[in-house]
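Take a look at the following structure, please.
To keep things simple, chains are lettered A, B, C and D as they appear, and every chain counts its residues starting from 1.
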């Protein structure tokens, strides 16, 4: 009988644990300042946006941005915790409170706007492009009908690939698995974010064998993501992003990581500077 | 409100299709996997039982390797490495090298090897618990070692091991969920897809949990029926003591 | 006992057997005539079961020769070579050693079909007759676990007979039975003996040995101490070890 | 060397040799280069940090997660197992159903479910407790393991002959006392091999925490593959297989030895 009451007790504890987890806090911006660090969800397997260097350091376009934002919000660029996320868990981690901010190639769309607030956008991602062996016969998106395409779980264009174009998607949880499966010849093509594949082709081994067979049918604005109903925090992050653009951080990053200098990033930098950030 | 669970997505015909298709894949994986696992178990147990040179040490290394490493890493290794080891063929139309084993095949093989290694040990312990006198009875009647194995030891051992083998099959079903991690569209995979679209993680996981629970419960019930049908009167786990 | 004129059916000469450092048989010899009933008696651990098992090659000897009819048992190495011998020599065990997963009828029929390759119809006919002989008609579809010890032992005898052997070895076949079942098994053996089947028994049933045996052997400590016809053997034992043994068991 | 030691040594070197043989077959001339990459990334794969400065990630995380999960599961499992042998039929059947529920859930699903079910922040009496993916992995894994331990506990108790209960009752012991003073001391050695097997299974299962976002050895392995290129994927996976084997195999050998000494003692 002692045991049964213990079980009841632990059940009660478990349930109350769930309950307290849902309590809202006063203000996120104050919390972060009090804590002394900003927790940002970034990618670490996503050259050039966020990746691990040979000496085990995190680098990338979005890492640079994240550090700048931390500096603006908390005080210094070191006041930051970088939490590696993947497409399939980043929104969950945000809303569960594990991270304050997503800077992880998060594409803006209406579905996601229902569960989080987008910050200022800072990049225009060539959406899905198709990489295929050089000798491929695929010349338009309609050609992929019935073909196996490797890709990544959690990308919204996957639905268009199967629905509109009738491809068979083979979806992975990480880029390492996806690239390896494609190289092994498990798919006729690799349908994935343009900049990543563009960057991959700069590797001579890949450049020898593959090409971008199809250009994107959609451009996706990339923005940060924060929890809903945190207006002060959102405003502070937006200001920091614009300040980063004005300071030329992102233009520099594009150069540093071989992403190709895009008109979009240059224009936003100019606009931000003009607006006085 | 503590829990406000939303199960409306279950009414979406697309999601229903996904779950059913995934369920079909999961059942196919576990069905084929179980058959292969049993074959590996019997053959492996026979190899060790008969002390077959070369094959026996290899079998023992296989058991030691597969039982002491994570089935997930085994699966990833099989999936990504077998083609590097030359297990690929050339597609006649495109002239490209294509891995010989599909994701589905890799999942089935990895499950068969992992749970098959357990099955070998289960069957061996079953054979060891066949009373020595029963074997002696066979020898005195002029049975060869192979005949004794085929007609006496194996049939008795397989009956004795039904409970252990059932948990091994349940383990195989549970382990099969990792198929989703190599892009095989089992029920776990589609459940993940649904959570990515609906953000209803908890609800989808509850449904998924129930699906696996139903499958494993059915298997356990089926095994109980089988054990009942195959009971040896006056002999069995209880009588063995 | 005088040396009989014809060649003995079984001839064991000076056999030795050790398990590790423990010597179980230390130079045993004996001869048994066709159609005889021979009983081997002796205290536990005297090597009598091992001796019996040497006769059908269940145990291989270290030294010495064993001839059963035309077979030189000590020379038979592989299972294949042993099969014809086991066709000729059947064995019944203390623990019955029936196959628990097969019915009574299947137990009797399995080996003749699978080992000897006999026709299934013939074996079935034979099995039914044998079951009648051991007075178990009607138990065809029972499993061994559903029978009493005495019944199981009679099935085991029927199973041994189904191989159509020329000799049957009985290894303490009544030792594991409840007293009231001993007689039913002994009766079956008595019938067999009266039909002229060569039987070798390891037994503790002294009275049965006295009544049925043509020859009795007494082993102790791995050697053959004394042997002879039962009358002289039981009523006028010469060796002191046999005397003290008989004093204890009779 | 005893027969057991010989066969354990054979298994050990056999498996290591087999893994090496696969590595050589895959890389041929490039084996040296592959080994160098593994060596360079060893600190990261083993500890999650460069230069062995911390132990919160990589293979050490797998070890820590397994130990913590086991600790939680042992406590919960003993309670659940106790409930399963309770004299109260109601408690018993609820516990048995609960045990079966836990036991038949795929670990991967439980881990996913924990990821979503448990909050990231818990505040109790004004203290904020941060529930990291690491902690969620620990809790998630402890669920199914609790079921295995409860079952081992029940089987261990049932393995003690009924005569022990009867004689203790005849001596005037109460149920709780019998369980604590007479049955458990006898049951525990019987349960030990089972518990160790369960731990080994749990340890191997920690590879699944890769889905919770914990930086265990497999997630770090994938990051390394993403950074260093697919060419070394095989080497990384072989390395991870070897790490798990080196940890789990001695455990399995020890368990077997324990089982043998137990069955000899009978």
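In this text, a residue touches a chain if its C-beta (ideal position, glycine included) is under 8 Å from a C-beta of that chain, and two chains touch if they have at least 3 such contacts.
Protein identities per chain, from UniProt: A = ABC transporter substrate-binding protein; B = Amino acid ABC transporter permease; C = Peptide ABC transporter ATP-binding protein; D = Polar amino acid ABC transporter permease.
As the structure is a computational prediction, the values presented were derived from the model and not from experiment.
Novice: Common contacts of chain A and chain B?
Specialist: D
Novice: Can you give me the shortest step count from chain A to chain C, moving only between touching chains?
Specialist: Each step joins two touching chains, and the minimum needed here is 2.
Novice: Based on the averaged CA atom positions, which chain is farthest from chain B?
Specialist: Computed centres place C farthest from chain B.
Novice: Counting C-beta pairs in contact, does B-C beat B-D or the other way around?
Specialist: B-D
Novice: Please find which chain has its CA centre nearest to the centre of all protein CA atoms in view.
Specialist: B
Novice: In whole angstrom, how far does the Cα centroid of chain C sit from the Cα centroid of chain D?
Specialist: 55
Novice: So the centre of each chain is just the mean of its C-alpha atoms; given that, what is the distance between chain B and chain C in Å?
Specialist: 47
Novice: For chain B versus chain D, what separation do you get between their C-alpha means, in angstrom?
Specialist: Comparing mean C-alpha positions, chain D is 20 Å from chain B.
Novice: Report the inter-chain centroid distance for chain A and chain D in whole angstrom, where each centroid is the mean of the CA atoms.
Specialist: Result: the chain centres lie 33 Å from each other.
Novice: At which residue positions does chain B touch at least two other chains?
Specialist: 76, 80, 84, 181, 192, 201
Novice: Send over the residues of chain C in touch with two or more other chains.
Specialist: none
Novice: Give me the residue numbers in chain A that touch at least two other chains, ranges are fine.
Specialist: 18, 92, 173, 177, 180
Novice: Tell me, which pairs of chains are in touch?
Specialist: Every touching chain pair, ordered by label, is A-B, A-D, B-C, B-D.
Novice: Flag every residue of chain D that touches chain A in the complex, lowest number first.
Specialist: 40, 43-44, 49-50, 76, 79-80, 82-83, 86, 88, 91, 94-95, 115-124, 131-133, 211, 213, 215, 219, 222-230, 233
Novice: So in the complex, which bits of chain D are touching chain B?
Specialist: Touching chain B: residues 7, 10-12, 14-15, 18-19, 22, 25-26, 101, 103-110, 112-113, 115-117, 200, 204-208, 210-211, 218, 233-234, 237-238, 240-241, 244-245, 248-249, 252 of chain D.
Novice: Where on chain B does chain A make contact in their complex?
Specialist: Spelled out, the residues of chain B in touch with chain A are 2, 76, 79-80, 83-84, 88, 94-99, 103, 181-183, 189, 192-193, 195-197, 199, 201.
Novice: Given the complex with chain C, which residues does chain B contribute to the contact?
Specialist: Interface residues on chain B, with respect to chain C: 131, 133-134, 136-145, 147, 151-152, 155-156, 159, 232-235, 239.
Novice: Given the complex with chain D, which residues does chain B contribute to the contact?
Specialist: Its residues touching chain D are 57, 60-61, 64-65, 67-74, 76-77, 80-81, 84-85, 170, 173-178, 180-181, 188, 192, 201-202, 205-206, 208-209, 212-213, 216-217, 220.
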